[in-house]
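Each of the next two complexes has chain A plus one other chain: chain B in the first, chain C in the second.
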Partner chain A sequence: MNTLIAIIGLGVLCLLFEIFEARKAIIPVTIIGLLAILGLDITDYANPQSYYNNMIIVSKFSAAFSGLFIILTIFLVTLAHKFYQNNQSKISDFIAIKIFLLAGAVAMVSFGNLAMYFLGIEVLSIALYILASSNRLSIKSNEAGLKYFLMGSFASGIILFGICLIYGAMGSFDVTEISELSRSAELPVWFPIGIVLVFIGMLFKIAAVPFHFWAPDVYEGSPALTTALMSTLAKVVAIATLYKLVTIMNADLSGNFQMMIVIVSMASMTVGNIMALRQVNVKRMLAFSGISHAGFMLMTLVSTANAAGTLLYYTSAYALAGIAAFSVILYVCKNNENEDITNFHGLGKTNPLLAAILTAALLSMAGIPIFSGFFAKLFLFNQTIQAGFIALVIVAVVNSIISVGYYFKLILAMYTKESNEVRTATPAVIYIVAVVSIVLNIALGLFPSMVLDLLA
Partner chain B sequence: MNNILNEIGIENYIFLSVILFSIGVFGVLYRRNAIIVFMSIEIMLNAVNLLFVAFSTYHQDAQGQVFVFFSMAVAAAEVAVGLAILVSIFRNLGSIDINNLKNLKG
Partner chain C sequence: MNVSLILIILLVGAFATYLAGDKLASKVALLFSIASLGFSIVLLNQYNLGENINFINQWINQPNVSFALNADGLAIAMLLLTTALTPIIIYSSFGNEYKNAKSFYALILFMAFAMCGTFLAADGLLYYIFWELALIPIYFIALIWGNGDVEERKKAVVKFFIYTLAGSLFMLVAFIYLYQKAGSFLIQDLYNLNLTASEQLWIFLAFFLAYAIKIPIIPFHTWQANVYQKAPTVGTMLLSGIMLKMGLYSVIRWQLPIAPLAAKEYMYIFIGLGIAGVIYGSIVALRQRDLKKLLAYSSLAHVGLIAAGSYTLTIDGLRGAVLQMIAHGFVVVGLFFASEIIYRRYETRVIAEMGGIRSQAVKFASLFMILVLASVALPTTFNFVGEFTVLYSLSQINVWFAVLGGTTIILGAYYMLKMYQHVMLGETNAKPFADVTFNEATTLVIIVAVLFFFGMYPKPITDLITPSLENIITQINRIN
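After this line comes the complex of A and B, so read on.
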């Protein structure tokens, strides 16, 4: 709870800095503030309890995921320093919106009442609509913003209808009450319909097939930093919330519901990977790669008994690799109109360190050992086999092999093609973020129990 | 209030909301003018608000009505952002027809 209040306070502080003409101090102060909030989050982890008539329930699950979100936001805010260099006069708005987005994210994983869940998802989405269209002179960014807005508010409408039907069946918004009632008596038919509608709305948000069609367009059109935010933070938030919802409400639906998750998961992996093979725009490729990773993350939902640790591990591995990859993309495509693979030609010679980091990030996403992506997939598959879904694991393994194809396309472009442009000096900030995130990724790979034990 | 609900029956409220919601969904899917799409999204949200109030009376519980306030405030904020995006599109393109937005493809 203190975490959430502190985050909102920090957001307001960012806006006040604008008034007092202290724009230069915004980013350092925000980073220090977020580190302090990370400390608060650790104290929250140590004593779980509920606040305000169960509106917010701080549990180990919510505190651990909040910690991940805060770390990702620190990276994104650090990158913002360079990204908004030519837009200094609006920097407080951009940073404040990112902080409010973080507040929505924390509310989404620590809700104890469906009202809080709805408000969290809306705060997150509205902040993302603004960020997606924040480059207002670019028609691509506008188009991405409008597409995301239409899809997002459509999904919100569906989620709201689902919440309404759940309320109609249960007469309460409190999740512990709903969870108890769902086990007991005869339920009206509205209850399963409501859950399916909420589930569909969340699948829109995590961009799983068949609700993925907006993702590539929006990822391509948005400013690069927003794309980084969407593909790491927003996706992790949505999948963590979906996991929490499913663990709360899957009482009587198990059989058919698991079948539905298995089909959606298989379809996401396959469609995402096959479409990614033929992309030439790197952002678009990572969007499809994100769709296939959403499929992998959905695998945790088929056996929810003790999958929380695995989900946290997988999302941390994926998000850290994503941050490392996007910080390199931000550098390479800073002065380019588009993000085509040709821009990466010869990066291995002109800037070996960043090329190595991007290679490491892509190898982690593909699931090659040493990097945590491999161990994340290993634990996930192991757990799914134990739950008895052999077919799903076979499809997932085949998909991991396909995914190597397009990740290596980019790696080969960096090391075997000749460079076609002169590269400018690299800002130190990008080095710092890229190195720290990839080192964290490898550290997670070497010591997986560090994260897995958090939610054991 | 409860008598009216008894006479009409909660099912009819649900049918009405589902019909309104479907009108909204079809509006989003078939209309090409961005303003009308926004209006359709509002119809979807307001159909749900209607059902919230009906369920609230059905359960004799005020929580549903309070939720309506939340969802109204959120809808207003959402539409404000949507209109802002639309204004910047109109400045760049001179039109708000969704069919003109075809720059992103692959």
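After this line comes the complex of A and C, so read on.
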């Protein structure tokens, strides 16, 4: 609870800084503030309890995921320093929105009442709509914002409808009550329908097939930093929330629901990967790769018993690799109109360190040891085989092989093509973020127990 | 002291090489690789004295993964092969100039690290990680420092990477399945599992896919010739000298003892595939115009025979396979180095453009001749010992296997001697051919010396590997 209040306080502080003409201090203060909040979150992890008549329930699960969200936000805010260089007058807005987005994210994993859950999802989504269209002079950014808003509000409507049906069936918004009632044998038919509607709305948020159509366009049109945020933070938040919802409603106990997850998961990874093979724009490619990763993450839902640790590990590995990759993309595409692969030609020669980091990030996403992406897949496969879904694992393995195809396309472009432009010196923040995130990624690979045991 | 020391030396060596800068990189790399060889010999000594040189430490609690390194005679033999060939390969490359040498040599040491880890690992997951790690350095070595057109090289290398990764991912699934049964990845626990015949078949096939692609066994060999040709010679030596031995070693260490029922049931098929590789490789080698490709196909023929030997499940088959693995490692490195020496002077690999070298470079001609003869298993060379034992074991299974496998010697002699004749004798090429330099001569002499020494006195190696192979045979026969 303290975490959530502190985050909102920090957001307000960012806005106040603008009034007092202290824009230069915003980013350093925010980073220090977020680090302090991370400390608060660790104390929350140590003593789980519920607040305000179960509106907010702080558990190990919510605190661990909140910690991940805060770390990702620190990276994103650090990157913002250079990204909004030419937009200094509005920097407080950009940062404040990101902090409010984080507040929504934390609310989404620590809700104890479906009303709170909906509030969280709206805070997060509205912040994302604004960020998607934040480059207001670019027609593409405007298009992305509008598209995302229209599709997103539609999904929110569906979620709300689902919540209503669940309320109608259970007579309560309180998750502990719903959880207990859902175990009884006699369930009204509205209840599963409500669950499916909420599930559909969340599939939209994590961009899983068949609700993925917005993702490539929105990712491509949004400013690169927003794309980074969407593909790492927003996706991780949504899947963690979905996981929490599924465990609350005991939905995974139903065979039909499991079947649905298996199909969505298989479709997501396959469609995402096959579409990614044909992309020339790196942002679009990562959008499709994100769709396929959503499919992998959905695999945790087929048997939620003990899967929380695996999900936390997978999301951390994926998001850290994503941050590392996007920091390099931000550097390479800083002065370019688009994010085509041609911009990456010869990066291996002109900037070996960043090229190596991008390579490492992509290898992690592809699931090559010793990067944490490999262990993430390993734990996931282990869990899924244990639950008895070996066919799903085989499909996942085949998809891992396909994914190598497009990840390596980018690596090949960096190392075998000649550079077609002179690259200027790199800002230090990009180096810092890229190096720290990839080091964290590898550290997770070397010591997986560090994260896995948090939710064991 | 335990075996983890070798891994530490090689890993630290890789970083030190990178930090040493382009000028010093090759020397630093050589130093560390010689140090690893030195310590491997010390470890061999300790092992012979009966000291415990294994290392085990819990790594991940849930799932239960240990950092377990186990050195029995077989593993030490393969470790020595790796640590002996690595300095030779690094030393042989002193005659070449490489751009960005620090990364190049760091990658070589890193690859040696991963390969040693593969040979030593006694935990399924750890083994898998090392197995995959070895793939990344060779990918970059072949891609960045390779020769020929970039686009074609890219195609060949990516195909190789995806192919091998695809195979090994199914092996990973097999390992996870075994883990579910055993509750641990430790090799001993996996050996003790009681699997049904159909489970064994699926696991055997998953392993087979990974190993057949790596070795390569027909029909999974299509990546090989192109990658050997496109990679820089150092990469080709690493691939053919050591890396494909990873596959053969894994057959003996993991595949056969874990799924012995399947191995027995379908023995004829897998021996048949190995023999088919022998015949196919030899016939295709006959028609090659590119020296490196010819050597690649000859390598395909030799490893086919080794694989066939392993699948006989007899002690002679396994022993011959291991001996031949080591012998082939040395001879193939020597032959690829010889092709590199020619390339340094002629800048071509097309056999038709060579000729008359012998009259200008007598020392090179004799060393090359010895390598060619060793490769066709002339008695008194190491290869003869290995090949003969394998053929003997094949004849125990079915005499026709031995007859067909024996064609490797006949066809091998034919295409290797024909190649030698075209390259070294005949019309003199327009370009002058300087005799071997000191560096080149030392490298070749070391290889030739090893081949002759163990050819006449293979006892130290057979004594080293036989007890561990007998253990494996006991494992294979445990159910009956």
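Definition applied: the second predicted complex is superposed on the first by the 452 of 456 C-alpha atoms of A that agree within 3 Å, B and C clash if a C-alpha of one lies under 4 Å from a C-alpha of the other, contacts with A are read in each partner's own complex, and residues count from 1 in each chain.
As a convention for this text, a residue touches a chain if its C-beta (ideal position, glycine included) is under 8 Å from a C-beta of that chain, and two chains touch if they have at least 3 such contacts.
Quantities reported herein were computed from a predicted structural model and do not represent experimental measurements.
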Touching partner for A:Val404 - first (chain B), second (chain C), both, neither: second
Contacts of A:Ile368 with chain B and chain C, given as first, second, both or neither: second
Which of chain B and chain C A:Phe154 touches, first, second, both or neither: first
First, second, both or neither for A:Asn351, with chain B first and chain C second: neither
Partner chain in contact with A:Tyr415 - chain B first, chain C second, else both or neither: second
Contacts of A:Gly145 with chain B and chain C, given as first, second, both or neither: first
Contact breadth on chain A, by residue count: chain C or chain B: B
First, second, both or neither for A:Phe381, with chain B first and chain C second: second
Touched partner set for A:Asn441, first chain B, second chain C, both or neither: neither
Contact residues common to both interfaces of chain A (with chain B and with chain C): none
Touching residues (chain side chain B, partner chain A) in the complex: 10, 14, 17, 21, 24-25, 28, 34, 37, 41, 44-45, 47-48, 51-52, 55, 58-59, 61, 63-64, 66-67, 70-71, 74, 77-78, 81-82, 84-86, 88-89, 92-93, 98, 101, 103-106
Touch list for chain A against partner chain C, complex: 309, 348, 352, 363, 368-370, 374, 378-379, 381-382, 385-386, 390, 393-394, 397, 400-401, 404-405, 408, 412, 415-416, 448-449, 452-453, 456
Residues of chain C that touch chain A when the two form their complex: 60-63, 103, 125, 128-129, 132-133, 135-136, 140, 143-144, 150, 153-154, 158, 161-162, 165-166, 169-170, 172-173, 176-177, 179-180
Interface residues, chain A side, partner chain B - complex: 115, 118-119, 122, 125-126, 129-130, 133, 136-137, 139-140, 142-147, 149-150, 153-154, 156-157, 160-161, 163-165, 167-168, 171-173, 190, 216-217, 220-221, 279-281, 284
